[in-house]
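Here the chain labels run A, B and C in written order, and each chain numbers its own residues starting at 1.
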Amino acid sequence: MKSLIQFDQDGRLTHFLTIRGLNRETLSEILDDAESFISIGERQIRKVPLLRGRTLVNLFFEDSTRTRTTFEIAAKRLSADVINLNASRLSTNKGERILDTIRTLEAMHTDIFVIRDNASGTSHLLAEHMPPHVHIINAGDGRHEHPTQAMLDMFTIRRHKKDFGDLRVAIVGDILHSRVARSQIHALGILGTRDIRVIGPRTLLPTEIERLGVNTFSDLDEGLEGVDVIMMLRLQLERMEGQLIPSSQEYFRRYGLTTERVRRADPDVIVMHPGPINRGLEIASEVADGENSLILEQVTNGIAVRMSIMAKVMDGQNSSQEADK
Amino acid sequence: MKSLIQFDQDGRLTHFLTIRGLNRETLSEILDDAESFISIGERQIRKVPLLRGRTLVNLFFEDSTRTRTTFEIAAKRLSADVINLNASRLSTNKGERILDTIRTLEAMHTDIFVIRDNASGTSHLLAEHMPPHVHIINAGDGRHEHPTQAMLDMFTIRRHKKDFGDLRVAIVGDILHSRVARSQIHALGILGTRDIRVIGPRTLLPTEIERLGVNTFSDLDEGLEGVDVIMMLRLQLERMEGQLIPSSQEYFRRYGLTTERVRRADPDVIVMHPGPINRGLEIASEVADGENSLILEQVTNGIAVRMSIMAKVMDGQNSSQEADK
Amino acid sequence: MKSLIQFDQDGRLTHFLTIRGLNRETLSEILDDAESFISIGERQIRKVPLLRGRTLVNLFFEDSTRTRTTFEIAAKRLSADVINLNASRLSTNKGERILDTIRTLEAMHTDIFVIRDNASGTSHLLAEHMPPHVHIINAGDGRHEHPTQAMLDMFTIRRHKKDFGDLRVAIVGDILHSRVARSQIHALGILGTRDIRVIGPRTLLPTEIERLGVNTFSDLDEGLEGVDVIMMLRLQLERMEGQLIPSSQEYFRRYGLTTERVRRADPDVIVMHPGPINRGLEIASEVADGENSLILEQVTNGIAVRMSIMAKVMDGQNSSQEADK
């Protein structure tokens, strides 16, 4: 995937498609700006006029009420108008029709498209065909990337752990099929994380994953030893039908995060999960609801980080004096 | 159902789950405030900034476009942002998943949840698990209650009849399965209504309903004698399949409200129905569209009353100086 | 269809149901006002407060994400609140239930209804039963009319061609079933177009279409000779099953617009299509994406023209001093 496409001619980030190819400065700017948006969420009136008169289109070719809602709320807090399009019907002849659809929507003077698709590379494809004033945000494309999720995870880690250079981070679950894991690994690497571990059944570990600078473990207890951060992945239940993993009881026994296993990590370990969680499958309820868990804080942070990313890609179009009120 | 849960520690109404357990003063305050919201609906610009920057989530586990729309319009007139979630898919493992879903949404700093579910007690369950700054409004839960409907009915009666102490009110139809009837009976009782009558086929009258202080009738003509208010219920068509009622012709012959039957009531009787009406089943078209009918006025009042209830539950969080413009 | 119903007692346009029966002055006013709304779409903050506090309901009994979205965006740019109702379920007993539904919505003090239905005359029917402060806009009714589409087409032509009196215009495709064609023919006629041609297979040309003052052609090459404007229609794929047209290859061979065929027209010809296009069926990709094509500009213009129409029907209710900011 060419990731240069997410920059404009002046080198500014104009789309947000992939973590790969971004530098530490860009990630840090997004995280820094998100801090200021966090405070907006805590005010009585949670609205700033940054995107007033702008239109954001949620174009979801794959259903995800939860993710769509976070983008909708983030955009409305920036005072944008939001159009939700459940595009799951457009599934036949998709490539060409998606392009015609998005060109049509762009002709309505819409500004930001948030794209979710079960095919890898859809948001790249669309970004290649957009005029400069239109911005694409990847909300998850196939097994490729889910970069806004990774950014909110980095934001959550930074709020609790400060310096990535000292951290040992474990990512646990179905690494092979996970766009979240892929984006997390890139982000952790760019931010200089000392020790990144991926843990899962051998069948769910990509063969050449070490190339990304991570250590692999198929034994959960071993992998969790002394880590500062545990990032659980959601297990897609259809994997069990495909014989890639054994029964759910067996999976939980070997890879479910329990209180006992959390004790192998650093005493101040934080536990994260992109949600929605499968209680008793990849994570025990007492861990999900326990004191190390930041799962709900991740959600809160997700709004602020998405506001930050929206503001970032629109940056070239906004001059400060136009933000009224 | 514990109804104390709808109050905060200072005794303020923080959720709106059930009519039962509210006192006359609280009901009267909601009705009084609704009067001022009525005038907003009649202005050119029908918006006040009371909930600007606040987010209301319509979380409907049971489909109801009509009810959802009234809450959406009411919230937008108060300048809130509205998120509509059709959650009917989340039907398996529901209890736990609803809680996870609403905790997740709450973590996005949403303020009010309007909940509709076909299980009794869902909004109570959710209210028990919410932090103090989150407010639940029950938009109908199973056969239990539909308290906002009852409040708009009380508002409509009060606008036309003034003093509940003198009123004879008939509620007609499928009392057994009706959350609307249950809420109406509580509200009429709290407001001191002199004579509350429930009328319907014996199979559709709850066995111990008299405990609520109502008189029961299975003969419609007899029950309507001299009443000031007739509140019709919508007949769920699936009841006929369950053999609880005979054919629709037979039902209309015995329990359908016709012009002739309206004559048994007081000459100034008002006729109400929560809608949508089944013309020719529980009510004749000429009555529904006749001069005694307040069915459409109920809809108009429903917006004002729901604005009043939203403002009420948010009350502790709003200080007047923050409501700008 | 009685078209007088779209005027109020003072002769002002209060609904927008049909092009037929409008005069040139009314069409020109709408097109003139649309010019000023075009400039809003090009501004940084694309919002004017003309309909602030007003509520527009998109009531679509027939699915059309694309058309619904244009109305939604247009309304939001005018600062209206928008309620989207996908009413496709209400299909049984429709006539009566649509009326009850819209009366209920009207009782919520909603202002504008945008109606799409697969039955001709639905928006007329509803307009007949509305109180004076409620406005109906026809977003396509059966085979009858699609007047807002025709207006955006006229706007697009006028921006490129100026004087209708000199123009030769070809409408190509399934004239018989097309509400778009019907509205276009009326609009072109009212604006004084010199030469209106309809082109299509004999099976898809209405028998007495010449009465509307058009010339008919079943040979595309012949019909395109020297025209200034080509307006393609979308071919509904289900027509082929009904044996009204041959295979898609055969249709494209005889009626598909190719670069070669465009050469028969005037060198400055403009090519239009209401979208979504069927590439390789009624139009070749190289024409759709070519330099004569105005297909995407039509979409852009559609927003401005719909804003103009909304403002127009609301005109009697708006006094200029109330438009704040």
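Convention: a residue touches a chain if its C-beta (ideal position, glycine included) is under 8 Å from a C-beta of that chain, and two chains touch if they have at least 3 such contacts.
No experiment lies behind these values; they were computed from the predicted model shown.
K.L.:
Please decide if copies subunit B and subunit C contact each other with the same set of residue positions, more than half shared, or with different positions, and reply same or different.
P.N.:
Looking at both copies, the contact residues mostly diverge.
K.L.:
So if I superpose subunit A on subunit B by CA, what angle comes out, to the nearest 5°?
P.N.:
Resulting rotation angle: about 120 degrees.
K.L.:
Compute the distance, rounded to whole Å, between the mean C-alpha positions of subunit B and subunit C.
P.N.:
Between these chains, centre-to-centre, one finds 41 Å.
K.L.:
Could you list the positions in subunit B whose residues touch two or more of the other chains?
P.N.:
none
K.L.:
Taking the complex as given, what residues does subunit A use to touch subunit B?
P.N.:
41-47, 65-66, 69-70, 72-73, 76-77, 275-277, 279, 296-297, 299-300, 302-303
K.L.:
Enumerate the contact residues on subunit A facing subunit C in the complex.
P.N.:
Going through subunit A, the ones touching subunit C are 52-55, 81, 83, 85, 87, 96-97, 100-101, 103-105, 107-110, 317-318, 322, 324.
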